[in-house]
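Quick heads-up: structures coming right below.
Each of the two complexes below includes chain A, the first together with chain B, the second together with chain C.
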Partner chain A sequence: MTRILIFILLILSSFALRGQSKYTLNGYITDVQNGEELIGVTVYVNSLKTGTVTNVYGFYALSLPAGSYEITYSSVGYQPQVKQVNLNSDTELNLELAEEVTTIDEVVITDKALDANVSDVNMSRNEVDIKQVKKLPALFGEPDIIKSIQMMPGVVSAGEGTSSFFVRGGSADQNLILIDEAPVYDPSHLFGLFSVFNADVIKDSELYKGGIPARYGGRLSSILEVRTKDGNSKEFGGAAGIGTLASKVMLEGPIKKDKGSFILSGRRSYVDLFLKAADQDNLVHFYDVNAKLNWKQNNKNRYFAAFYLGRDSFSFGDDFGFNWGNATGTIRWNHLFNDRIFSNTSLIVSNFDYGLEITDPTSGLDWDSNLQEFSLKEDLNYFINPRNQLDFGYQVTYRRFSPGEVKPNSDRSIFTARDLPHEYALDHALYLENQQKLTDRFTMVYGLRLSFFQNIGKATVYDYEDPQDNINPTRIDSTRYDSFETIESYMNLEPRFSARYMLNPSSSLKISYNRMVQNTHLIASGTVPIPFNTWSPSNRYLKPQIADQFAAGYFKNLADNKYEVSVESYYKDIQNVTDFADNAQLFFNDDLSTEFRQGKSWSYGAEFMLRKNEGKLTGFVSYTWSKTERKVPGVNQNRSFLANYDRRHVMNMAATYDLNDKWSFGANFTYTTGRPITLPAGRYEYQDYQVDLITERNGYKLPNYHRMDFSATLTPLKNKQRKWKSSWVFSIYNVYSRKNPFTVYTRVESDDDGDVINPNKKEARLISLFPILPSVTYNINF
Partner chain B sequence: MTRQLYTFILLAIVGLNLIGCDEPYQIDEQTTEPKVVIEGLVTNESKRHYVRVTKTVDFYSEKGSVPVYNASVMVSDNQGNTYNYSYQANTEGGGYYYSDDIFAGEVGVAYTLNVALDGEEYSGRDSLRRVTPIDSLGVRFDQEEFDDPEDEGRYYEVLLYIHEPQETEDYYLFRYYLNGSTFKDETSDIYVSDDSFLGENIDGLATPGWFALNDSVTVEMYSLTLTGYKYYADLNNLLNNDGGFFGSPPVNPQTNISNGAMGFFQVSSVVRKSVIIED
Partner chain C sequence: MSRLYYIFLVIPFIFFSCEDEVAIDLNDAPPVLVVDAWVNDMPQTQEIRLMMSQPYFDSSQPPEVSGAQVRITDDRGQTFDFIEKEAGSYQWDPAADSAAFEIGRSYHLSITYEGNAFEADSELKRVPALDSVVYTFYEERNAFQPEGYYAQFYARDPEGTGDAYWIKTYKNGQYLNRPSDLNIAYDAGFSSTTTIDGVIFIEPIQNKATPLNDDEDAYEPYVYGDSVYIEIYSITTEAFSFLDAVATQIERDGGFSEIFAEPLENVPCNISCTSNEKEQVVGFFNMSAVSYKGERLEE
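Entry: the complex of A and B
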């Protein structure tokens, strides 16, 4: 693989040699206040009517014939700058942009080209403006980007209080969630009440739902890329917030001015402290730590190290406890091979684990499970000329799955030690993608990703008389594999294509196609993943899942880019979608493979979005119509069924209104059709049990969901005279206290204490979670 | 991993049971063709064994089942024996058929149940496996429960002592009786066990519930085949599912009875021990 890479590099450098008559202008664009690199800044050559945008590391490069140029640097929320450049040699031009209106609350970056909605080749992409997220109402006053992601068109959630999301008919495990390029396997705190992303350290986050660039792979439905701040390289500063459920503190500053900086942030919930005070035995808490260091040696070499650590811990008296957490680390090196080849090399580590503990003399046990991955990634951007930008790279990932280990933790425990076999996988990917501007109006991105997956030893693989017989699995043979010996390998080509045609300067048509392949499968049959689920690599009995998606859209900006409108539709088809037999036993099953059932899934929909970016009132309205079905042999008697997360209509609104320097207000409204649910069509007696009779999977629909939230942010005027700034955020969640359906279950008719009233009757019960919930958060910045 | 745990967790998190809400919900009734339900049990005890044949009812029905009187029921084994069953009137709930002869199931023998009803044939097959004996039952006074009892006067627990053979693959079903009637912590509880998790010594494992002085507690232990174990595990999932939110969606248990009937035909060895709670 490395040889191929060197070969490509050689070809590319010969490209570069041919372009001798041209010179390159390149550099980094940063924020003047804190030195954070700005992503997606437009660099426009006025006379040539052409340009480029800065990449995700704030770097740009333009190759132009010798001459004198007027260049405009512009980005949403920043004052544009015009530079005169005399290009008679390769030139480095780093630039700092200042925010348009100096806001008194924290400095947050909203960087992108003014008309990105229309002019970007990318479609089906949503950026989450963290500044707006902080002003909008939030559950328990804790701003959460995943809750904002759940409001984007094409995205649905399974219910409130969850951190999972479903993109264009894909299940929750089909989203690749990255923090500083490292995957996060479970993004939830407190079973989803909050996500693991602390809003204070987030610089930028974007969600790709379709037309996914070739540099991303490994999951079928979406990529959520979250980037954290680099830390202020100009001066020391910090922020702290005291919330209803959690508090946090963040510190940042230069290691050496304009050269290096750090950011360190921590967040902890303190429900447990109240519970302790209330003499409660049941304790629960979570924490997060984010840390990042960077060193900008020069334009040619820049180094970054980013870490995330988070954990949830629950205990019920002295008897029972469990915990889970993610830990990720990324070390990054940005390097310029020459003026036009930008390289990003990353070493990535991610670990997810959970544990359960029962402390009891006779039924004591420890149960642990974990998943580790190590990845080396090389991404290159080659700015060939203003009409072509080539991205290419390589990634190799090693994964180790330990699905479960049980150990008795007392001498008298009835349990025996068991360790389920570990699984190992190597995942290679090689990609190449070119963005080509064919005419002033027509731009295409075409690319290819080659994924080569290996399920490797050490392992013992069993052959079954009938590999799908999960009632009486009968092993007939077994094969032993040594460490790193290939058990099964899968090679897949993933074409990616996007095109944009400008109808006029304020509107465009876009189309895209992408094929995605997923070799890491979540072993769960519920709607919403829980931290106790495990993952499995593709193997002899689990084939790679493959998704093909077509999307087309119309994009329009109105009133000088003040309003953005988009209409998109898509069709997505998934082969080998991973599902499980009815009644599958997914925990501690030695013959787990007999429970796998793979089938087809198809989804289609239309999405509308109206967004207002400027003025006192900003926000969006989105509406999605979609339908998602599955057909899996061995599930629901081989009949097709609606996916658990299928929702026909989804409407979301979010708005903020800046009344004056002191007050700003926010509101959310969300309306969705209920999700499908499996309910009994009858019942019967078996011994002394009243058993539900099930006739169809997801044959019923929960009641519709709707909710409105308000928030108000107070920024005291005296902030202006002092170094530290404070603000208050007041939130009301579920203003009209709608009892929104969470789930329905059945039981023998009982009273409120759970005592049986009539053993011969059954009843259905609906659980709803949050009534009206006010909250207050106090934030300071210094 | 059941509904109660999830609900409890969520409610515990969001403010000590003050916030969440659990209220009645009306399912839109679908009219479904009633299905046949067959429940049978053959044990190693010498007695008249039963098979119950009923039909499913609407979800909101006042009665749990519709008894079937006109089935013809027969059990045969792989040793050439056939046992005829006859309908017995005046049983609680109805639908019970008892074997005409007294017989005892034998370890290692497979039994087949055949039910003919309205021109349809239903059959099920299970085999009788040995069961591990209960060594003894113990009684323990619990100080914490005594200080703060859930139910007044109930602060004794019953302990189970068993030697579990490690070289065999066994599955067990436990049933508990308090003063002669079935006892469960919750009406939907099922106590089954897969011995691959168990060590050799079950050394004073507490059974469910708290008991008062002079209570008579009986523990029954049934052997199950893997099919039987899966049936009860599935039934447990169905009875305690959370609507498919965190857990798997509700689905009918995998049964050994053919032709789309619900229920199960179980063949087991059984052992039992009793204890009277004394000081």
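Entry: the complex of A and C
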């Protein structure tokens, strides 16, 4: 495979040599304060009315005919800079941009640049501004990007207090969540109350919902890419925060000024410490550690190493305990092959595991389950000329799934030691994508991703008399496979296409199509994944899930890019969506494959977004109308049904208002129609038991949900004179304390103690979670 | 009335959660035929009940189904006619018939009702002898297991996988039929996925001979004079799946954990309408062999 890469590289380099009458201008754009690379900075050649943007590593390259140019570098939130460049040889121009001063009157608005909403070819993409997230109200005062993602158009959540999100009719496991390029299999702390992303170390995060670039693959519905800070390469600094539920510390600084830097951050919840003090046996805590090192040897070679480690741990006295966590690591090398070929090589590892311990003489056991992923990735950007940029690369991933290992932990335990068979998979992907500016108005991105998946040994695969008989699975034959021997392979071509047409300088039309393939399946039938779910690769009985999505949109900026408006609609069709038989046994089942049911899913919707990026008042309003259905043979009597995360209307608002240097305020408002759940429609008696009769999956809709939150951030004025800067964030969640529906369940009529009143009478109960919840967080920066 | 309290469920002490009774508008399920055909080889009158299902929030007694023909046939052509003695109750008295059920044979149920034919198959499987029921005195072990006499039964699952049982407990002659009392076994263990075969039933199954108290928050040990009587019913593996699903349904937690739970599903049914595929029917047909033993706790 490497040989092919070198070959392609050679062809491309020769291509580059022939265009020698042109010269290349390239470099890195960083923040003047802390040396962080800036992503998506517009580099605009004023006289040619053309330009480029920095890639995710802060690098840009432009090839231009020899001559003298005026070049504007601009980015939202930064003061633009104009540079005179005399291009008579290949030129390296690294630049540092300064943050915009928040005193609003001084802001200079440039004529061009900040119009990414309109001019970007990418559609169906949302960036989450971490600075704004920190000013907005947060549950228990803990800023969380996933809670912000859940407010984006096209995204719905299953309920408050959950960290899963559902993009354009896709289920929660169809999102690829990346931290510094490494996948995170379960992004939740405390069963979803918080996400694993510590706001202090996040530099940038983007969500792709459609028109997904060819460099991404492996999941059907979205890519959430979270990048952490590189650490201040100019001076030592840090931050600390004391919150209602958790505290955190972050340190950063140069290893060598402007050459290398580090960042180290930790966060821990501390409810358990109070409980311990109160002599309580039931303990719960979580922690996160993020670390990153980088070394900028020169413009041609830069090295990075990033690590994440997080864990949740619960214990109930001495009897029962469980824990889960993710660990990821990324080693990255950015290299310039020549002035116009930028390469990123990454070595990625990710581990997800959970464990359960029961200490009891007769039913004591230790249960462990884990999943590892090793990946090697080579991404290349070739800046051919101002009209063409070619991205291509290769990724190979090895995955090992260990669904469960049980060990009895006492002599009398009823459990016998067992290790469910491991599964292994190799996933190769090769992609090529070109962004081509056809005219000043029309730009296209077209690409292809080839996914080649192998389910490999070591394994024993069984043949069944009826592979779908989950009540009495009957094995008729078995085949033994050696390590790395192919059991089943699937090859898929994934075309990707996006186009943008500028109607005028402030509005554009965009369309996109993408096909995505998913070979890693979550084995869970609940609405929201829990950390105790296992994953399985595609195999003989589980076919790859395939999604096709079409989207079209209209984009407009108003008042010199102060306001961004977008309207998008989409249609998504999924084949082989993974579901399970009625009453499926998903834990410790040797014949798990007989429980799989794969079917179709389709979804369509319209999304609206209005965003204001400048001024004292900033924020957004989003609205989504969507519908998602499924049809799975053997489920719901083969009739189609609404997905359990289907919500017809979703409206979100978030706003921050900077009153003065001392005070700023934030507010959220959410309104969504209820999601469907399954409730029984009839009942009958069987051998003294009351049995439910269910006529329809997800046939009942929960009541509507709405909530408003407020926050206020106080930055004392004395901060100005000292290096040590502090701030207070006050939050009120659910200001008017609405009892919002979380779920409805039914039971036999009972009193408040749960004692049965009438065994023949049923009643429905509505559960709501958080009433009004105030919180305070104290932050310091140094 | 609503109340605000800490919910000690998935995330104790973090969640302020609130629960209210709510009136909901469900689309009532159209009534379907319910077949409660749980037949055993004991020398006593056997009953098959036919009823109609009811709307979910209807708390009246189930409507009986009268005027059906109910018959069981075994694999050598012997027939057992169940005659309607009371409305919806179809009975067969082994004392009044020369035919008898035999372990190892397969049985076919056929019901004719309003011109439709409903059919099902089952098998009368082996059952191990119930060796003994014993009481053991324990000091208080924890809040759930107070001091007192605990009963256990001993029986050995025969070798060979695929045996399944429903174990019924009677305390002082009273059959314990709460959801928490439902006790089923697959071989000597809990399920087909953890093979425990050819040994004495595992302790949690033996221990169900001691029920929970009325509040279902602790065990209720036996006192002098109490008696316990245990029956082991052999069941088919399909019937095990059925009862397992019934147990999941009737013991569902409700509450916050619902969001992580699998969707509510109908329990399996082994009866089908052979005259009209669209005609729905629920319930189950199972043949059981029974072994039993009782013991009184004497001073």
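The rule is short, and it goes like this: the second predicted complex is superposed on the first by the 768 of 782 C-alpha atoms of A that agree within 3 Å, B and C clash if a C-alpha of one lies under 4 Å from a C-alpha of the other, contacts with A are read in each partner's own complex, and residues count from 1 in each chain.
Here is the rule we use: a contact is a pair of C-beta atoms (placed from the backbone, for glycine too) under 8 Å apart; a residue touches a chain by one contact, two chains touch by 3 or more.
Since this is a predicted model, take the numbers as computed values, not measurements.
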Combined model on chain A where chain B meets chain C, clash or fit: clash
Touching partner for A:Asp753 - first (chain B), second (chain C), both, neither: second
Touched partner set for A:Ala681, first chain B, second chain C, both or neither: both
Touched partner set for A:Asn589, first chain B, second chain C, both or neither: second
First, second, both or neither for A:Asn46, with chain B first and chain C second: neither
Partner chain(s) touched by A:Gln297 [first = chain B, second = chain C, both, neither]: neither
Chain B versus chain C as contact partner of A:Pro408, first or second or both or neither: first
First, second, both or neither for A:Thr479, with chain B first and chain C second: neither
Common ground on chain A, meaning residues reached by chain C in one complex and by chain B in the other: 158-159, 161, 190-191, 193, 271, 275, 282, 284, 362-363, 412, 414-416, 418, 471-472, 525-528, 530, 580, 582-588, 590, 644, 677-695, 697-700, 739, 742-747, 754, 760-771, 773
Interface residues, chain A side, partner chain C - complex: 158-159, 161-162, 190-191, 193, 245, 271, 275, 282, 284, 362-363, 412, 414-416, 418, 471-472, 525-528, 530, 580, 582-590, 644, 677-700, 739, 742-747, 749, 752-755, 758, 760-771, 773
Interface residues, chain C side, partner chain A - complex: 2-4, 10-24, 26-29, 31-32, 34, 36, 38, 51-62, 175, 177, 179, 182, 189, 191, 193-194, 196, 202-204, 214-216, 237-238, 241, 244-246, 248-250, 252, 254-256, 258-268, 282-284
Parts of chain A lying in touch with chain B, wherever the complex brings them together: 158-159, 161, 190-191, 193, 271, 275, 278, 280, 282, 284, 314, 361-363, 406, 408, 412-416, 418, 471-472, 525-528, 530, 532, 580, 582-588, 590, 644, 677-695, 697-700, 739, 742-748, 754, 756, 759-771, 773
Residue numbers on chain B that touch chain A, as the complex places them: 1, 3, 6-7, 9-10, 12-14, 16, 19-28, 30, 32, 34-35, 37, 39, 54-65, 93, 159, 166, 182, 186-188, 190, 196-206, 226-227, 230, 233-235, 237-239, 241-254, 262-264
